[in-house]
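I am attaching a structure below and will ask some questions about it afterwards.
Chain naming follows the written order as A, B, C and D, and within any one chain the residues start at number 1.
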Amino acid sequence: MSEFAWPQGKAAAAAFTFDVDAESAVLWNDETVGARMSIMSHQAYGPLVGVPRILDMLDRHQIASTFFVPGHTAVRYPEAIRSIVAAGHEIAHHGYLHEQPTSLTLEEEIDVLDKGLVALADVAGVRPTGYRAPMWDLSWRTPALLAERGFLYDSSLMDADHPYELSITPGASESLVELPIQWALDDWEQYCFLPDVSGSGLIESPRKARELWQLEFDGLRRVGGCWVLTNHPFLSGRPSRAAELDDLMRYVLGHADVWVTNLATIAEHVRSLGLAPRTITPPG
Amino acid sequence: MSEFAWPQGKAAAAAFTFDVDAESAVLWNDETVGARMSIMSHQAYGPLVGVPRILDMLDRHQIASTFFVPGHTAVRYPEAIRSIVAAGHEIAHHGYLHEQPTSLTLEEEIDVLDKGLVALADVAGVRPTGYRAPMWDLSWRTPALLAERGFLYDSSLMDADHPYELSITPGASESLVELPIQWALDDWEQYCFLPDVSGSGLIESPRKARELWQLEFDGLRRVGGCWVLTNHPFLSGRPSRAAELDDLMRYVLGHADVWVTNLATIAEHVRSLGLAPRTITPPG
Amino acid sequence: MSEFAWPQGKAAAAAFTFDVDAESAVLWNDETVGARMSIMSHQAYGPLVGVPRILDMLDRHQIASTFFVPGHTAVRYPEAIRSIVAAGHEIAHHGYLHEQPTSLTLEEEIDVLDKGLVALADVAGVRPTGYRAPMWDLSWRTPALLAERGFLYDSSLMDADHPYELSITPGASESLVELPIQWALDDWEQYCFLPDVSGSGLIESPRKARELWQLEFDGLRRVGGCWVLTNHPFLSGRPSRAAELDDLMRYVLGHADVWVTNLATIAEHVRSLGLAPRTITPPG
Amino acid sequence: MSEFAWPQGKAAAAAFTFDVDAESAVLWNDETVGARMSIMSHQAYGPLVGVPRILDMLDRHQIASTFFVPGHTAVRYPEAIRSIVAAGHEIAHHGYLHEQPTSLTLEEEIDVLDKGLVALADVAGVRPTGYRAPMWDLSWRTPALLAERGFLYDSSLMDADHPYELSITPGASESLVELPIQWALDDWEQYCFLPDVSGSGLIESPRKARELWQLEFDGLRRVGGCWVLTNHPFLSGRPSRAAELDDLMRYVLGHADVWVTNLATIAEHVRSLGLAPRTITPPG
C-alpha cells in the first residue's frame, strides 16, 4: 500500500476519461486520409453516436468524467462538445489536429497549443486546466509551455502508479500535476483497426478488454494508486463495448474505498497536498 | 433505445452478408500474386467450398442473405454465382477486381463500376441495387456515381448504428440508403492470414470471433440498431468457422424481436420511411 | 457430409504432420541470419529436442506420421532424420533450404527439387513420394516438375476439404494427388516469434492453439474431410505445446470413425479411387 | 523424463529472472527516442516502481532471483540497482545500452562488454558471473569473449530444455555454462507496446500470460528441465501483472520437487557436474 493521501479516507482513485479524437487522429500527418469517406465515417462515429451514449452512461452512474478534445473536433462537432459541457463534465486539451508534440518544432508546438485553446474557448466557452499529449507523446518542453498557459495538470506520463508534482523543467520549483496513464488502460490497442492507417489488424472481444482493465483496477486499488482509463468514443462507443464499459463502471463504483471522479478534481486535490516537485531528466 | 422504425413491430434488424472476393481481393494492386498457386487456391476455397456450405446453412435456417460479388469472381466462378441467385439470395456490387475506390481516378472508378454491372448481368442476369466498396473504402464521389446508376443503397460507412438516407453529395436532395457496417463485424481481422499478402499473422479461434459478433448483436439489439455481419466464404466457409456461424444464426433467429433479412429488403424499408437525407461533409 | 470414399467404412481422415525446417526456414533469402547464434539455436531446438519428443509421442499413440524435411536439415541433422525413418514414419520433400517456389526461376526450382532428393537419399536412403512447398507457396509449374520426378502427392493447396487428383497442368490427364492444408491448422501463426525475422510478435497459449485445431477437426470430421495438422518441432516440440498436442492426439484417436495415418498412405488410397483429375487454371 | 541431475533429489529447476532494461532498450539504435518524454517515462517505470514491487514480492516468497542490468541502467538508477544487491539477489550483465551483439563489430562488442562491467563495478561493486545478450541475440564470438572475462554462464540460447556446458568455440575444451531460455517465457511479447518503437500493438491480459507461463512450467517440470522466466520491471511491475506473477510464484513454490533459485546458483551446480562441453557450429 502506497502512502499517497487520498481525500475522505479513500484508499485509491479512479477516473474514466475519453479522448474525442474523431477525424483529427487520422488526418494529422496524412491529409490524404481525408479523401477516404469510410475512414472519416469510422472516426465520426465518436462524436455522433459514441458521445451521446457515453454521456447517458455517465449520467446513469453519476460519474464525473474528463473528455480530451482536439480543437479540430470542437470546430467540426460543436454540438457534441457543448453537450459534454452541458452534462457537467470536464473538457481538457488534446492538441488541435492530434499532433504528436515530439514531431513538432517549438514554434509548431506553441501554435497548436494556442489554436486548441482558442477552439475550446470559441466553441464551448471553456478554458481547460488539463492536457493530454496526442498519442501520449509528450516532449520535454511541453510541461513548461503548459505552465506558461496556466494549466494545472498533464496526463501523458507512465512512470508512477499515482499522481505527483512534476517540475516543469529539471530542477525548477514551478510544477505541473502529473496524472499518469498507461498503454494497457487504453482501448486503442484492443479495438482499433483501420487498414493501412492504424491498428495491428486484430480486434479483441470487449470481454477481454474489460478483464484487462478490471484486473488493473484491482491491482491499482490494492496499491493505493490512481486508475485512469482512456476510451475513445469512436471505439468504445459501439454498443457491446459500451455495455462492458457500463458494467465496469458498476464494478468500480461498487468499491466504496475508491474515489471516482474526473481528472481536474483529482489534480486539485494533488495540488492541495503541497508535494515537493519531482524532476525528470532526459537521458544523457 | 433508438427511435428507428422497424417493420412488424420489430426492435432491431440483422443481416448475414457475404463478400465473395475469391482471387480478386489479392490480385488487385499486385498481379504477381496470380503466380502463386497456393494463394490462388486459398481464395478459390470461397466459391468452390464456402459458398455451397453457406447456401446450405442459409437454407436450413431460411435466412435471406446478401452476397457482394466482384465482377471478376462472377466471370471466373459463374456456377457459384448462379447457385446463389437460384437459392433466392441477393447479389450486390463489390467492384470488378475488388478495387478500392479511393485509389482510383474518377474515370477508373466509373469504369470498374460499369464493368462490375456488366459482369453481374452477363453471368447471373442480375442488376444489383446494392453496393459495398471493396475494403469498405468509399470515395466521396462514389454515392453520386451509384445514384446515377440507379442503386438504392450502399453498405460501406461506419458512423451509425442504424440505416439512414445519405445525400449523394453534400446538401443534395437526392439520396442513397446507407446500411452501416463496422470492422468488428467482419471475419477478415479474425481469420485472414496470407504471408506477405494479408493479415496480422495471428489466426483466432472461431469461438472468439463468435463471442465478439454475438456480443455486438446483443448490443445493437438493445439500442434498436441494424447488425450487419460480413463474412468471406474463403474464410468463414471452413468447417469449424461455419459451425460457429451456424450456431450464431440459431442464436440470432432465437430473438423474435429482431428482423432477419437481406440488405435490399432492409434498404427498401428504409426508403419507404421517407427520411430526410443526411449530409456528410469532407474535413476542411 | 461429402461423398468422399474413405477406406474401412471411415467417415473422415486425420494426419499429424511435421515440417522439420530447423535453420533452413530462416536462412533462405537472408543468409545474414546465420550470424545470429540465438536464432540458430531457436531453430535447432527442432531436430535436437522436438523430434525425439514427438517421436516418443507418436510411438505411445501408435500414429504413423509424415515429416517434411528440407535437404539442408537432413545434411545438418542426419541422426534426427534417420531416427524418424527408424521409427517407421514417412519422410517427404520440403525443398533444400526451404525455398519458396514462386520466388525461384524454373532452373532454380528444378535445382532445389533435385538437391532435396539427393540429400534425402544420401542421408536417409529415402526416395520421397510426397512434397510440400515451403511456406505452402506452390508455383503453377511445380506439379509437373513433381510428376516428372515420380512424386505421388503434393500437400500445399487450400481449395478443398478433402483430397483430389490434380492435373499437373491445366487439362492434362496426368495428375498428382493433392492433400489440402490450411493456415489455421499450422502452429507457426500461433507460436512463432523471432524479432525482425518472423512472427506477429504475439505468442499464443497452447490451450488456444489446441482449441482452434480441435474445433476444425470436429468440423472436418462432420463433413467427411481430411484434417491435416502441420506442426514444427522447433515450435510444438516445447513441453507445454507437446503436452497439448499429446492430448489432441488422444482426442483424435478417440473417434473410431476417423482414419488416422500418414499422408503417403492417404495419397495411395486416393490414387486407388481412380478419380478424374481436376484442372486449376491461373487467373487470366 | 530427462536424465539431468538436479541437486537434493529435485526433479526440475525454476528461476524468476528480470531484465532491468529501463531506457536503454529503446535508446539503442535510435537515440531520437530520448526526445520523447512519455516513452522515457514508460521505461523509467521499471527501476522506479517495478523493481521495489518485485523485490518485495521476492522477499515475501523468499526467492533468490537474477537481475540482468545494462550498464546504462546502473548509471542512471544506482539506487535501484543497489537495492537489488542489498536484497541479496544476483546482478548479471546485459550489455551497456542493450546493444544486440550481432549488430556490433568485434571491437564494439568488446567495448560494450567492458563498459558494462565497469558500470556494474562502479555502481554496485559487483563482478557478474552471468550474461544475457540483449534481445537474446548472441553472436558466435560472444561465448569466447565471456570466457576471457571470467564469466561462468550465459543465458541466451534456445536449443535445450535444460542447462549444458557450451564450448566457447566449436571444438574448444573451454566452456561456458548455458542456461537456455525461450521467447514464450518472456513478458515482452505479451505486454509491450510503444507505438512506432516496439510491440505488435496488442496487449494481453495478465491471465493469458500467466496461463502460458504456468503451462510451460508444468511441461518443463514433467521433463526434468529448467524453467527460466524473463520479466521486465517496466512491464510486469504494473500492479495487475505483478499480482499474477505473485500468484505464479506461489504456484511454482508449491511444487516441492522443483529447485527454485537464481541463475548463478544453477550455473554453479551445472559446472560441478563436470559435463562434457557441447559444440554448436554455425550453418555452412
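The working rule: a contact is a pair of C-beta atoms (placed from the backbone, for glycine too) under 8 Å apart; a residue touches a chain by one contact, two chains touch by 3 or more.
The chain lineup, named per UniProt: A, B, C, D = Polysaccharide deacetylase.
Computed from a prediction, not measured in an experiment: that's the story for all the values here.
**Q** Subunit B and subunit C are the same sequence; what rotation (0 to 180°, nearest 5) superposes their CA atoms?
**A** About 90 degrees of rotation relates the two copies.
**Q** Do subunit A and subunit B, two copies of one chain sequence, contact each other through the same residue numbers, with over half in common, or through different ones?
**A** Answer different: the two copies use largely distinct residue numbers here.
**Q** Can you compute the centre-to-centre distance for subunit A and subunit D, using the mean CA position of each chain? Integer Å is fine.
**A** Distance between chain centres, rounded to whole Å: 35 Å.
**Q** Based only on mean CA positions, could you tell me how far subunit B sits from subunit D in angstrom?
**A** Here the centre of subunit D sits 49 Å away from the centre of subunit B.
**Q** Quick check: what residues of subunit B touch more than one other chain, meaning two or more?
**A** Only 200, 202, 204 qualify.
**Q** Residue numbers of subunit D touching subunit C in their complex, please.
**A** 102, 133, 135-140, 142, 156-161, 180, 182-184, 189-190, 199-200, 202, 204, 208, 211-212, 215-216, 218-220, 222-223, 225, 280, 282-284
**Q** Over in the complex, which subunit A residues touch subunit B? Could you list them?
**A** Of all residues in subunit A, those touching subunit B are 23, 27, 34-42, 44-45, 48-49, 53, 72, 76, 191, 193-195, 200-207, 238-244.
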